[in-house]
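Next, two complexes with chain A in common: one pairs it with chain B, the other with chain C.
Here is the complex of A and B:
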């Protein structure tokens, strides 16, 4: 740095660097809509009534955990760089819902931000958004302060436009599996989030309810439970045969909360879920082609899902289409999720 | 079609040092039937089952688990390769034996004949071709006419040889029947060769007019079957002895639970028979 301005604190952390494009307060935004990923649910019933003691229970979403909700924001940004959005959560503490940004997408001159919250609440999260000065179309009559330029003469910092002030931060690791232990028994599924929250600390602040955080959701997990039964034989003067195979799954996204004035926590929320089954009965051909054993799983699921989508049972309620069961019984991107803490009061 | 009990690793993945095993666990009805017995069970409509269940579970380990460790984990989660509480051994009406299951899960048929008790008549045993072949063939040799199809069982009531036909397809013995029923019986007079026929259906199949013509019909409880005579103005209603719990027949009569057959002729009760196992 032959010339310019570099301001550091006692720890040597850079506070202002005239060669660095600092982010400044763009605005405070409330959501424009709330949505949820529609359930993928349905199945195929064939001659079930002829199936003797065939099980007929729990063919919908019974016992499935509740989904979280997705808040859709539209943030006007004058430029191609996405805004850095901090979440002001609906509440803080050990009972607060977990929240995280799951989508940042340019939409015309705006950016669409989707914030996922693990549980449905009456209150809504608010976004505090920041952008480089070149994308902040604010003006001010204040004629004093500090303003820096890079070597090309582009303004990189202007104290009059509320630069982003970080008061804490670090890395957080999300849990691996969202649900641990048994995932179900017979026709009763158990896929609720029961993983212990992962906690990390940051520089202690005076008020948890004043804190906002930036921490995009990177980790996800997908878990499933399958169950199938079949029977054949003779009962009540008739031969019978039936087979039923089901697959339940949940797709979880990582999300976060301010647990205290110095504690940040990560866990999962149910982002999408599904239940597909196939059920066949037969009273005349006892052993004819009713065994699903080799089929339950990927190929079987894909075929049934395709049939349901084709039949229109799947209701795409304004949410992007796609495969909501991307993988089976695993998780991704759990480690090294950076987060930054700031204060809402700096910008209110 | 029979599944093999046990577990298998359907998917194994190492993720950030954690071993994720998706295990498919199969539980089966442990009872097996030899081919001959199995054919009998199906053809004589004897209640039995071939049930299996397969569930998947996700197990995690901090190391690559041994077979023994996976086995211990699935057992700890409650996996049992043997299905419990399989409902079996209910004999259907006019099936001729239900099932015994020993401690080794070997299946055999109960051999006791069905006995018919009628007031004012001698008790009658019904002999099954497979279970009581000697007695059956003795009766069969008494037939004064040639019979195209071997009956499932036979009995002798007075001068009448009773032939019972049971089969999985409910196919009528075409020598005697053109109409379809669930089960069939043919009575042949041992001296004259006269023939009388009766077909059986599940539940109550009579129309309202016929029912109204039966005196005392409203006293019958829990009807399980209807016997229709083709050559006489008769009908037999098969019903439970009472509505008491101990007399309850699960859908159809079982050999362990005695039941009654009340026969009407021209609307009047002419006899009541009790059916039970000869123990």
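Here is the complex of A and C:
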């Protein structure tokens, strides 16, 4: 730099460089509403009572893991750059829920931020948001502090607006599959999150409950369990045949927690879930191939899901329509999730 | 603090200190859906991190890959993992 202000520390880290924009405190925000993705649940029953020993249990959401909840925030920062939103979680420690930002979307002069928490709690997460000064409309009457400008005369740092102060950070990798091992047996599904949390460390701090973190959710996983049975024979002097096929699935989003004063953890929460089935019986003849072969994510289920979505099932959560089964028993975007740690007390 | 710089507000509360660490915004870059893009002119600092934000809502019927990236010198190379299932991604590069 030919002129200006450059502040570095004894590690050689740049703290203030007047040539570059710094993020400043925009405000502390509470959510405006809470929502969950509605379940996709339904099926087709036809003549199931005529099917002899035809199974009729667990046609709803029995045994499915609980969903997390989604907090909706509206952050008033008008500009092209999304705000950096740090989460102040509802609690910290090895039993705390996992929380992560799952939506960042510009909406008029605001940015809509959605925060997903893996379990439902009475307390709510709070956002501490930061933005470049050019997008901060806060005012102040104080005349104390330090202010820097770039070569064009644009303010790049102004201590009156509480510049972002980080106390730690790094990269974290989310687990692969959210559920490991058996996904179910017979008509009983088992898709709860049981993956081991991935942990990474940061510079130790004095109080975990004072920490806030920035780490948008990138990873997601989708897993399913399918089961089908059929039978035919003679019962009570009448021939019968039945067939039933089911698909259960969960869509998981990655989320995070402050596990200790020096440990940051990643895992998943159940973001959306569904269960659909087809069940048919007949009392006169066998019907081999009636539904078998069209099960488990095939065209038939896609059609049922499309019908459910078209009826407005997803509207309450305001999400795009879709079948919520974008892939089977796999995961995406698990690596290289950068995170930054700061302290709420700097801004309270 | 025996050396460095501390900035206080008018109430005497410390607002910023050279014993802090912080991240300076070096650039914001957007890679559109299903498109690999090379961004140039990324300023260099001793340490840099790249954060990614998946913009807009994940949809249930696409796979929502985010771009992968590599940062070398002043070039941020972002790559679509999938030709038709990669979402729009905002990259924010910070340095210190």
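Operating definition for what follows: the second predicted complex is superposed on the first by the 326 of 348 C-alpha atoms of A that agree within 3 Å, B and C clash if a C-alpha of one lies under 4 Å from a C-alpha of the other, contacts with A are read in each partner's own complex, and residues count from 1 in each chain.
Everything that follows uses one rule, which is that contacts are C-beta pairs under 8 Å (C-beta built on N, C-alpha and C of every residue); 3 or more make two chains touch, one makes a residue touch a chain.
Model, not experiment: these values are computed from the prediction.
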Superposition on chain A - do chain B and chain C clash or fit: fit
First (chain B), second (chain C), both or neither touched by A:163: second
Partner chain in contact with A:239 - chain B first, chain C second, else both or neither: first
Vertex chain A, arms to chain B and chain C (CA centres, degrees, nearest 10): 150
Touched partner set for A:334, first chain B, second chain C, both or neither: first
First (chain B), second (chain C), both or neither touched by A:230: first
Chain A residues touched - chain C or chain B, whichever exceeds: C
Which superposed partner A:180 touches (first chain B, second chain C, both, neither): first
Partner chain in contact with A:3 - chain B first, chain C second, else both or neither: neither
Chain B and chain C, minimum CA distance [Å, superposed model]: 12
Those residues of chain A which chain B touches in one complex and chain C touches in the other: none
Parts of chain A lying in touch with chain C, wherever the complex brings them together: 7-9, 12-17, 19-23, 80-82, 84, 102-105, 132, 142-146, 159-160, 162-169, 171, 214, 216-218, 220, 251, 253, 272, 314, 319-327, 332-333, 336-338, 340
Interface residues, chain C side, partner chain A - complex: 4-5, 7-10, 15-16, 18-26, 28, 43, 45-47, 49-66, 68-69, 85, 90, 92, 94-96
Complex interface listing, chain A residues touching chain B: 53, 176-177, 180-186, 223-239, 286-287, 291, 293, 296-297, 328-331, 334-335
Chain B residues touching chain A - in the complex, by the definition given at the top: 1, 3, 10-11, 13, 15-16, 18, 20, 22, 24, 26, 41-42, 45-58, 60, 77-78, 87, 90, 92-93, 168, 182-183, 202, 251-252
